[in-house]
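Next come two complexes, and both contain chain A; in the first it sits with chain B, in the second with chain C.
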Partner chain A sequence: MANQSLNLLRRSASTDTPPVTGGQTIEVAKLIDVSKCIGCKACQSACLEWNNLREEVGVNVGVYDNPHDLTPNSWTLMRFAEWDNPDTGNFEWLIRKDGCMHCQDPGCLKACPAPGAIVQYTNGIVDFVHENCIGCAYCVKGCPFNIPRISKVDHKAYKCSLCSDRVAVGQGPACAKACPTAAIMFGTKEDMKKQAEKRIVDLKSRGYANAGLYDPAGVGGTHVMYVLHHNDKPEIYAGLPHEPKISPLVAAWKGTGKVLALGALAFAALGAFFHHTVVGPNKVSEHDEENAAELAEEGKSSKTEARPV
Partner chain B sequence: MTNSWADIGWTDLAIIMGGNAAEAHPCGFKWVVEAKANRGAKLIVVDPRYTRSASVADFYCPIRPGTDIAFLGGVINYLLSNDKIQHDYVKNYTNAAYLVNPAYGFSDGLFTGYDEAKRDYDKSSWDYQVGEDGFAKLDDTLQDPNCVFQLMKKHFAIYTPEMVERICGSPKDKFLKVAEMIASCSTPTKTMTSMYALGWTQHSKGSQNIRAMAMVQLLLGNIGVRGGGMNALRGHSNIQGLTDLGLMSNLIPGYLTLPTEKEPDFNAYMSSRGFKPLRPGQMSYWQNYKKFFVSFQKSMWGEAATAENNWAYDYLPKLDVTYDMLRVFDLMVQGKMTGYFCQGFNPLMTLSNRGKLTEGLSKLKWLVTMDPLDTETSRFWENHGEFNDVKTGDIQTEVFQLPTSCFAEDEGSLVNSGRWLQWHYPGQEPPGEAKLDTWIMAQIGQKLKALYQKEGGAFPDPILNLTWNYADPNNPTPQELAKEMNGSALADQMDPKDATKVVVEKGKQLSGFAQLKDDGSTQAFCWIYTGCWTEAGNQMARRDKEDGGTGLAPKWAWSWPANRRILYNRASSDVAGKPWDDSRKLVYWAGDKWAGIDVPDYGAAFKPEQTVGPFIMNPEGVARLFTRKMMRDGPFPTHYEPFEAPVANAVAPKIRGNPAARIFKGDFAALGSSDKYPYVATSYRLTEHFHQWTKHVWVNAVLQPEFFVEISEELAKEKGITKGGWVRVWSNRGSVKAKAVVTKRIKPLMVDGKPTHIVGIPQHWGFMGAAKKGMNPNSLTPFVGDANIETPEYKAFLVNIEAIASGPVA
Partner chain C sequence: MIGELSRRQFLRTAGAGVAGTTLGAMGFGGAEQALAQSVRPFKLAKTTETRNTCPYCSVACGILMYGVGDGSANNKQAIMHIEGDPDHPVNRGTLCPKGAALLDFVHSDTRLKYPMHRKPGSDKFERVTWEFALERIARLMKDDRDKNFVAKSKDGVTVNRWTTVGFLAASATTNETATLTYKVVRSAGIVAFDNQARV
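So, the complex of A and B:
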């Protein structure tokens, strides 16, 4: 792919028209072909390495999923689902790489009250700008896919950036680069859809009558798409939403917010309500303080690490 | 591999049995994905567990661990009884028509000549009928009751689909579906590739597992063709290089063998090697054995190896027995081996019966470990609570731990599964005090030499006369070593057709093993590598990917032998030299010479009518369905239960295990029985880790942090085990504690009428590194190996299991 200038299409809590700084950009997409995925977790590894994330060494809880959920340090995760196919009587092991879907109509961005904390580029990537993030976790509520995670250390929201830094210089995301079976592909959304079509023909020829592309219209389509063997039942893939939509709560809040320009008091009240419902009381625990101190120490002592290319 | 990784992309059907390519070889597995996506190829997985490979397969069939020969015997029986074989191939390129000695026989699970006391065979009847002309006799009609084809039919008739289901627990309909899919590749234009790994080797009959599939492939005409072959997926990036260079106790480089005590002189040694052709006009390439051997001796000892002293034959040790790993540790336990060099190996966490290993290491006077990592073996003396419960004060072994560089820190070549020697460069300097292995070995070598020079000794000659022509004797370079492996001319090499013409000048690199001589005028450390570093330079460093899309990549790196990418490639064409499949031409007769996209197996000028067989290494020129006396446990594969099995052998009830497998006395006593240990266990690897290396790496530890065992939902229910809860698993030799992964991917199998549960035990943990401390299946596995090569039986043994309240205490 050619270099992508990261022109903004929109930014959270802002009516500014983002300035256009470069030439034309095209919509990009990551295509995850679940039928080619072997669940090796090379994508998880590449994500940790490229983004310099330090996840904790956890424990085994009786499944292959490790870590057990997305975290502020694990932006992508293989989810392993065991499914007995009632039609064939055969067992199927459905392995799906979970992470941000980069919705065309991003619920996180819509819900976000902090100006510029969430942006969408004209190429479709939805990115979190951490210096603008206030840690309110509205994005968590706004996301129909349950993706963003709030750090207990710096109280900011984290998720997959679709390697916007790599994409900006003409590279694909780290996960796609690391994938040994080319189950993760990256290119223009149009090309990825064409690629998916070919795969769907192949899957149908192998008896998967409902094979299809997951590119849900309810969020305006996504810039991360799946080829699924059973596209009629996305929920069997570890709870992939059937028809994802932005929560009506977000729509109501944003609608009210925009039209009526709520007063500061109401804003605060509603904000507190949201925050309390979504993430609980905003307290800094001792544990958090310790973590922060530890991180600061680590930051001082660690050398600059070369990044893989 | 007979073929190569990329060639898998040309298959019509990949069968993964005895391995788990997606899990253990994710990068190579991409070629299966390519074949599926681009050629519409199908994938079959036969495995006790529904694996990561199975998750992308077209068809999955379960099988009980250790019953592969019964399954494959069933496939052979299916192919023969349904006439699904490639007739022209079988008739002309295998020994199907060869007549066998009428004294050969098989009954009650034993071949003729068995000696129970020795656990060995008198193999004299396992051979062809040979005529007065010295050639084997044939029956081209394949009707003679003593011809290999008829003997094979008879031998495998017992493996009916019902018998397969009874022994293997594979449902009959699923077995038949697999057999039918395999049979579809018996036409000349459809090929199957067999991808296997340690799931076949790590059995007391591992070699025969592989032979059974090789026979299937021969019946289908799938050896020597694109998208076919027997493809061993090697478990380590350079393990192919290890075997090529003879790092086994009984080998010298290039698959030559060390002499035994029965071969005190050179003539005795040569008399059983250098096979004469068994059919007229055959290549029988081992006829050149002496050339390879003499060139090796010249490479080792230079001018000290002369015709007069039989090329320094006396310098080579003469083996009394093979010193495989099982024997080495048995000798330690007996107190007969008191010092041990452990280079790039972590036996404490990998070899069988950990208790015995700790006992052996504790009896050593000294142990030297050379490894990039702080291995458990180096720390076997250190107490780590239940994870390594030793009394440090009682251990007197002196341990020298020498840190070495890792593969990314040195220069040299790695040999991949497809026999490609690929040169690589260091990414960075080794950290801290770590040194290159070659540097360490050179120091030791130089010190030893100085000691022998000073003190003499009983027989210092092999050390004192060892060729050591490196610019810096303390630090041989990878380039110097590689050139030495390739070999060079010690005298001007003349053109055999024109005695005045010099082909290779004295001192120059040789360009192929055909130039090797048995008169001492050439040297080559590893004859199969001759051609890797010629006067044209380092062929292994070549990086031209262009191959016209064939997947052979002849200008990328260098492949032994002779840069040939597919072995036995002459077999890709029929007897007349016409390709079986025009869309997958490989090597064919172009009217006046052999042509094609690969280096032909033999001289370009052999006309098809000369009927020089494609299997050039065999004196017959054809492949062996009946393997004569070559295997210790029989000329045909036959079903034997693992040494620990839940049922008696259905086809030979009196026989326990493989009757020709060696087992030491104490280890036989340590075998468990199914009344105390009712569950079948198998061990394996996971994608997230590489052996015990990557548990030292933070990221890998995150992805798979903690030791676990896998069981079915049914067994969990029966034993009150909860998902993620702690369990204890024990065998007659040891016990481990692990987390329980309860899964639908393992299902109980009906074996001989009774439900049989399987316990899966991955091996990646230990008490060193970044991951959670954990145990390994080697605490449980039996101390018995394959009858032919002594690879331990890690893949099928018996255990018991129970839920426990909490995990081990460190």
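So, the complex of A and C:
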């Protein structure tokens, strides 16, 4: 195998998961400290460069967001939000690096019907395997953060891989390496939580009483976490969901719906088996044969009658 | 072949297919080598790592350039990736958006690779030798200095100024180069001057 440090935890549309070998894997996480971000977009540059992607030159509509939204090529995007703080009267410029959150309970993986198109490693990274992708865009529906984008070129889904290829050889993601203010940190999830704790204490001492860590429990926690100065209202950071949850439609379709369908399949198979053993297959009796011969004769004669010469 | 398939045989085959799919859906599929397929190979394996300095601004961040090709006669080396040098004290591996996109700068068609000269009255730049360029620059500077050098101000104070020429020097230089540049430029009397030593 190409690497030893990545083991599969889950695989889309399949119940068989290769057994985890090589002991316990450490969960990794990327910590994005919004309070330290200067919005320089080095992360965007580094991401495009590392992943051999290039973005079309776009149009400026008067905001700093460039491109305007995530695309199949831009897996990460700085979103610039302006917010009037009613408590202090300050005008705040909130810059959030958007991209895949690598949920512990990934909605995209749950929704995906293509076996092995979306995988989750034991270290927490959720990765798209494009060879298996059928381009149905169910992952877009399944994602509580609206991250995956479907390419118009090959009709497959694309998103941040948390640089799984770099992490596999013991390096951090390209964006985290480039970040000049160390607003993006990468390490074990535990270490990142400790790092966040320190930052939150610092932010609180500077008057941000609601500073906190964004690691939403609704998706089982994420492997990309934010330090927010206003953790009580994440929605002011360009619409970061307050309590992200996988859509109930996906849960019903892929949860109960799937169990019921499998039950129906099993019932049909069992029924067919018992029908075969108890009733047995249809047998053609002599009477049937005679009947058939008669009918055939009738058919022939009626045909000739119907067609006057 | 298909003509010889009876109705019963057809149903039997189809049934076996359905059963197989159902078993797969219930979790009896073979454990595939899914992992080997899913992780993209690390693209820097078997590349040559070369240290250099980012050419953009005077912060002069250290960079690592990754090259492919072994440099043999029929396999020219080419830079395929650039990232920050973790061992460099200035940036410790980080880069700005321009530095992080250096790869396209290196491979840009419009990148300046050698001295270019636009002759008086011409509308295009032409490639010239370093010898020609340096000599021409030196000649023009000397002439201009002889004409416009101000040794003393109106009040008779010695100023030794040369204000008609400006000097913009490189960012990716060593301390020694920067010191020498500074000495040459200032001793000539040039006032308008910028280089990395400013930082």
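Note that the second predicted complex is superposed on the first by the 252 of 309 C-alpha atoms of A that agree within 3 Å, B and C clash if a C-alpha of one lies under 4 Å from a C-alpha of the other, contacts with A are read in each partner's own complex, and residues count from 1 in each chain.
The rule is short, and it goes like this: a residue touches a chain if its C-beta (ideal position, glycine included) is under 8 Å from a C-beta of that chain, and two chains touch if they have at least 3 such contacts.
All of these numbers come straight from a predicted model, not from anything done at the bench.
Contact with chain B, but none with chain C, is seen for A:199 once the two complexes are overlaid on the shared chain. In the superposition on chain A, contact is made by A:11 with chain C only, not with chain B. In the superposition on chain A, contact is made by A:131 with chain C only, not with chain B. In the superposed pair of complexes, A:178 makes contact with chain C only, with no contact to chain B.
Of the two partner chains placed by the overlay, only chain B lies in contact with A:58; chain C stays clear of it. Residue contacts after overlaying the shared chain place A:119 against chain C, while chain B stays out of touching range. Residue contacts after overlaying the shared chain place A:166 against chain C, while chain B stays out of touching range.
Of the two partner chains, neither chain B nor chain C is touched by A:220. Within chain A, the residues touching chain B in one complex and chain C in the other are 40-42, 44-45, 48-49, 54, 180, 182. Remark: chain C residues 19, 22, 25-43, 81-84, 91, 93-101, 103-104 touch chain A in the complex. Those residues of chain A lying in contact with chain C across their complex are 1-3, 6-8, 11, 14-19, 40-42, 44-46, 48-50, 54, 115-116, 119, 127, 129, 131, 161, 164-166, 168-169, 174, 177-180, 182, 262, 265-266, 269. Here chain A touches chain B in the complex through residues 35-42, 44-45, 48-49, 54-64, 66-67, 82, 84, 90-95, 180-183, 199, 202, 205-206, going by the rule given at the top. Interface of chain B with chain A (complex): residues 22-23, 26-27, 29-30, 33, 36-37, 40, 50, 52-56, 58, 60, 687-688, 698-708, 722-725, 739-745, 747, 770-772.
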